[in-house]
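There are structures below to look over.
You will see two complexes here that share subunit A, one where it goes with subunit B and one where it goes with subunit C.
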Partner chain A sequence: MAKHLTPGRIVLYAALLLMAIYYLLPLYVMLSTSVKTLDDIRGGNLIALPQSITFDAWSKAWSSACTGVECGGMKGFFWNSVKMAVPSVLISTLIGAVNGYVVSMWRFRGSDVLFTLLLVGCFIPFQVVLLPMARLLGELGIANTTSGLILVHVIYGLAFTTLFFRNFFVTIPDELVKAARIDGAGFWTIFFRILLPISGPIFMVCVIWQFTQIWNDFLFGVVFASGESQPITVALNNLVNTSTGVKEYNVDMAAAIIAALPTLFVYMVAGRYFVRGLTAGAVKG
Partner chain B sequence: MSTSQSQASLSALADRWLPKLVLSPTLLISLVFVYGFIAWTGWLSLTESRLLPQMDLAGLIQYQALFENDRWWTAVTNLGIFGGLFIGCTLAVGLFLAVLLDQKIRAEGTLRTIYLYPMALSFIVTGTAWKWMLNPDMGLQKVINDWGFPDFTFDWLVDPDKAIYTVVIAGVWQSSGFVMALFLAGLRGIDDSIIKAAQVDGASLPVIYWRIIIPSLRPVFFSVLLILSHIAIKSFDLVMALTGGGPGTASDVPAIFMYQFAFTRGQLGLGAASAMMMLMTIVAVLVPLMYMETRSAKRG
Partner chain C sequence: MAALSINNVCKTYANGTEVLKGIDIAIEDGQFLILVGPSGCGKSTLLNMIAGLDDISSGDIEIGGKRVNDLSPKDRDIAMVFQSYALYPSMSVRKNISFGLEIRKMPQGEIDATVERVAQMLQMTHLLDRKPSQLSGGQRQRVAMGRALARNPSIFLFDEPLSNLDAKLRVEMRTEIKLMHQRLKSTIVYVTHDQIEAMTLGDRIAVMKDGIVQQFGSPQDIYDNPANLFVASFIGSPSMNFIPAQVVESAGVLGVKICDDQGCVILPLPHAQDKMQPWLGREVIFGIRPEQITDARTAYRAGLPVMACHIDVIEPTGPDTLVFVSLNNTKVCCRTHPTEAKLPGHSMELVFDVSKAVLFDPATEQRIA
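The block that comes next holds the complex of A and B.
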């Protein structure tokens, strides 16, 4: 059915455009503020275009801005987050894949109950595990380290990754696995030869979900890491709330964009999977 | 390839215990780090622990202290205000956008991408951006002032009575696109023939949406409520970045209360009690919602 540009349609498009501006405004403000000089910021206004473009704030945010007592910029913390996120995402996704395979294709007596018990991990407010976790990390000697954070993210990511893969594998016809078993294929053969080759999309969904969650995490970071091992979200918060000296809004905004870039990048190149992960994780979780 | 009898039975045996073996580490982890840790926190909340954990039970003194703590009640009230408004507004904006986008729009993909990108951001980034936009001296207030309304003031960020509403503004901005995506997926799942039949009967588009389409999205409503209330109760990052719980303690929420008492004030018992209260709130909100969701999914 062809739609003509009736007055109603014009209102519709105007409303959609207005909402688009509302969503884009903070991004525009962050970007434009980050390339303004401090004088320009003080003299002009929030949404005015920069009078001249300078990347000084960016280089300061990256390599010399002060987050609390240290003045090494976001650089080190950015790499902390990379070193934390990459192993956590990979490990939790791989374990989740195998778990999901078991609870969907190799169900045994009680496996449904066990799966439900596991799912509770998706719902708890993490505040209820912070105190014992802090103590345990201390006793293991990995408090305030990236390894400690990796451990925490893997542990509390497993419920979600298992759920993702389970929900994907249950949509695969049983006959496929049954036929393979009759042909003598065992547990691992079926997993590696039959299921993995068709699991590309769900790996994408799971990796993207986990990466976004872990990169953007603040609670675990602020509780279990301090000083040099902080992830970037914690460092950004410290930078913005450091009250010494002149408030450099352009540096704050540049640092915020740096902290947001990896997940924004993932969203831009793989938005389809991102949305699917959100809805899949949401509808069931 | 010939397989001997014994090999076959060996692999059959392996297939029987392998699944359990593979799943057991995760189950053990869940048992210890979820259930065990909740029990540990629960126990701690029943002791006199302050700076160091003590294991002697002391009854409900921490809960008593919690309920006599004004700051806790500020946090709970704020959670009520924030939770109610955040859930209501996000739901309304998300549904509105989904319905608009469902009208066979050009450039729908682009618009969807724009509406949804905030969900990829960390709440800390969102908080930082909005903190700057809501800056009373140099933010949106000044923009409006410069536009010829010099008396316009918008200083909610530093107003103790209004600070919590700024968290709502930023929270809705961040999460409404996500709700839009969920509703849109629901709308796309609706059979077109129902709508066409109603149109033939002479029903107008708003009536069709209000009477037929939106009611049929019941299961989506429950999922959305579930997720949003979960986000609301756990909200911590956004408040930390935007107001830091301030001015003073005016925009405290339970998650910040818990963090500060447990980790910066050395009141482990009180922190544990507040964490348990958060868990109970989540259970109290989520269990009925999940029950209703399953029921409505079965019926619909």
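The block that comes next holds the complex of A and C.
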């Protein structure tokens, strides 16, 4: 349907365009600064286009920039983050799926209370659990390790993943589980063969949410990991704060983009499932 | 195939709500049992308990002479068809039917043969590779029945299977279920809130209300001899007329006194003399079905009491015209032949066939005669 361009519409589009520019500007500044030379940065202004494009800052950020006393770039820490985020996301999503399955389909005495308590977990600020968690990790002998960090993120993520899966499963008729029980399927058969195959959308929602949270986390990373096991967010902070005379804005920007790329990537790949999941509603058989 | 017996079964929830208060029902092998009642009467709970999806608080359920109280659903040799069909969304029709067989470790060759046989029986061979979301409501219903049939259980349980279908399809599927029962001679327990489904399908009907079986019997028996006011009003459409009336004596015969604004008649009830005796001079509820008040042409017997009544409203249904009159200040529905019905505002002679009329105690609502 073709709409005529009325003055009202022109104003509307102009406003939208302005908003879009406003939101995209920081990204532009980061990208353009990361490919400028230091001279270019010092000489020009912040939003000017680069005079010549160079990826030196990127390679330096990746492999040789100094984060504190180490000068190995972001490379190692990037993989640290991957090693931390991938297991954390998968474990917390899977356990959340089982939790959600139990509190929605296998109600038992006190399951509502349990679920309410889990919900409270969504509202506990990070800072509150720092000290008890540090003690727990110490007792378990996994302080300052990636495994320790994974444990922290799994525990913290469970409240959310359980909530997501529970809210998804309650929209599925109980009769589906009843039918499967009469067909002879047990607890795990019903979970793996009937419910998981239709949980794709909510699985994606969980993965995006958890990955973004865990990858971007700074506080747990800085507290519970040290030295070689630090995640990329902490390394980025160290990199920006470590200066030997000259502040290398181009390297800082490149490092920041490297740190942000995986979440962007996950959202681009899985984002359409995210939207599809929210609009499908084809579960009702 | 197996007989089913339910002995003094009760269900009380943890918060003290009594859902079922001592249910006793027994049917023979191959019978079609209907559990019917308004919502909240406990019929679905009872079905779930037969299936083993819900625990029994006290009492026993026996399938084929074997006590199944503590058996899990899969060990009771039952199959169930649900209102929402409950097809597994991610599986094809073929998978939906074979899932239960695979779990029971049936050899693959046998599974394929069973799926084929069931699909042919229900004429859905061409649907086998579709997903449930690609099927219409009636087709899904068919698949759900196929899934139950494939298992060849000793009892089929149906939980309001036709409620989600449109009116036309519902009537078609009703006939199909009945045909299936006649062919397979299977034992079926069928829950519905629709009294027409109950009447048309059942060998035995249990009419339930408030967790109690109000009456258990054959459809015709329940229609002709309702045990109380509730059963009489629930079964039959349009519903039985309930007219408050006084028991009087006339020429040595007891009857009920029926008046409209033009005068009164006494309807003698020769079949109920003994039971009416204690009620002489007192008020009872006189129950008479619409088809028992009709025009002279439709009434097939001569010598029945006749009364000229003032017509309030008529409702033509096609085969009959329902005529509404006012007797003892109560709206009364009469079923007459379309060509005999007079227009509203006019007077019409109505014939009362009282041979099947019933009387209820106004206080307890129990049947008197």
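Everything that follows uses one rule, which is that the second predicted complex is superposed on the first by the 267 of 285 C-alpha atoms of A that agree within 3 Å, B and C clash if a C-alpha of one lies under 4 Å from a C-alpha of the other, contacts with A are read in each partner's own complex, and residues count from 1 in each chain.
Criterion: a contact is a pair of C-beta atoms (placed from the backbone, for glycine too) under 8 Å apart; a residue touches a chain by one contact, two chains touch by 3 or more.
Note that this is a predicted model, so its numbers are computed, not measured.
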First, second, both or neither for A:263, with subunit B first and subunit C second: first
First, second, both or neither for A:84, with subunit B first and subunit C second: neither
Larger contact residue set on subunit A - subunit B or subunit C: B
First, second, both or neither for A:194, with subunit B first and subunit C second: second
Which of subunit B and subunit C A:125 touches, first, second, both or neither: first
Subunit B versus subunit C as contact partner of A:108, first or second or both or neither: first
Partner chain in contact with A:135 - subunit B first, subunit C second, else both or neither: first
Contacts of A:149 with subunit B and subunit C, given as first, second, both or neither: neither
Which of subunit B and subunit C A:179 touches, first, second, both or neither: second
Touching both subunit C and subunit B, counted on subunit A across the two superposed complexes: 181, 184, 282-283, 285
Subunit B contact footprint on subunit A (complex, rising order): 1, 3, 12-13, 15-16, 19-20, 22-27, 29-30, 33, 41-42, 45-47, 95, 98-99, 102-103, 106, 108, 111, 114, 117-118, 120-121, 123-135, 155-156, 158-159, 162, 181, 184, 186-188, 212, 215-219, 222-223, 233, 236-237, 240-241, 249, 252-253, 256-257, 259-260, 263-264, 266-267, 271, 274-275, 278-279, 282-283, 285
In the complex with subunit C, residue positions of subunit A that touch it: 109, 173, 175-176, 178-185, 189, 193-194, 197-198, 282-285
Residues on subunit B engaged by subunit A in the complex (per definition of touch): 3, 8, 11, 14-15, 18-20, 22-23, 25-27, 29-30, 33-38, 40-41, 44, 53, 97, 100-101, 103-105, 111, 113-126, 128-133, 135, 138-140, 142-143, 146, 173, 177-178, 181-182, 185, 223-224, 227, 230, 233-234, 236-237, 240-241, 244, 255, 258-259, 262-263, 268, 271-272, 274-276, 278-279, 282, 286
Of all residues in subunit C, those that touch subunit A in their complex: 14, 48, 51, 53, 72-74, 78-80, 82-91, 99-100, 103-104, 132-133, 140, 147, 151, 159
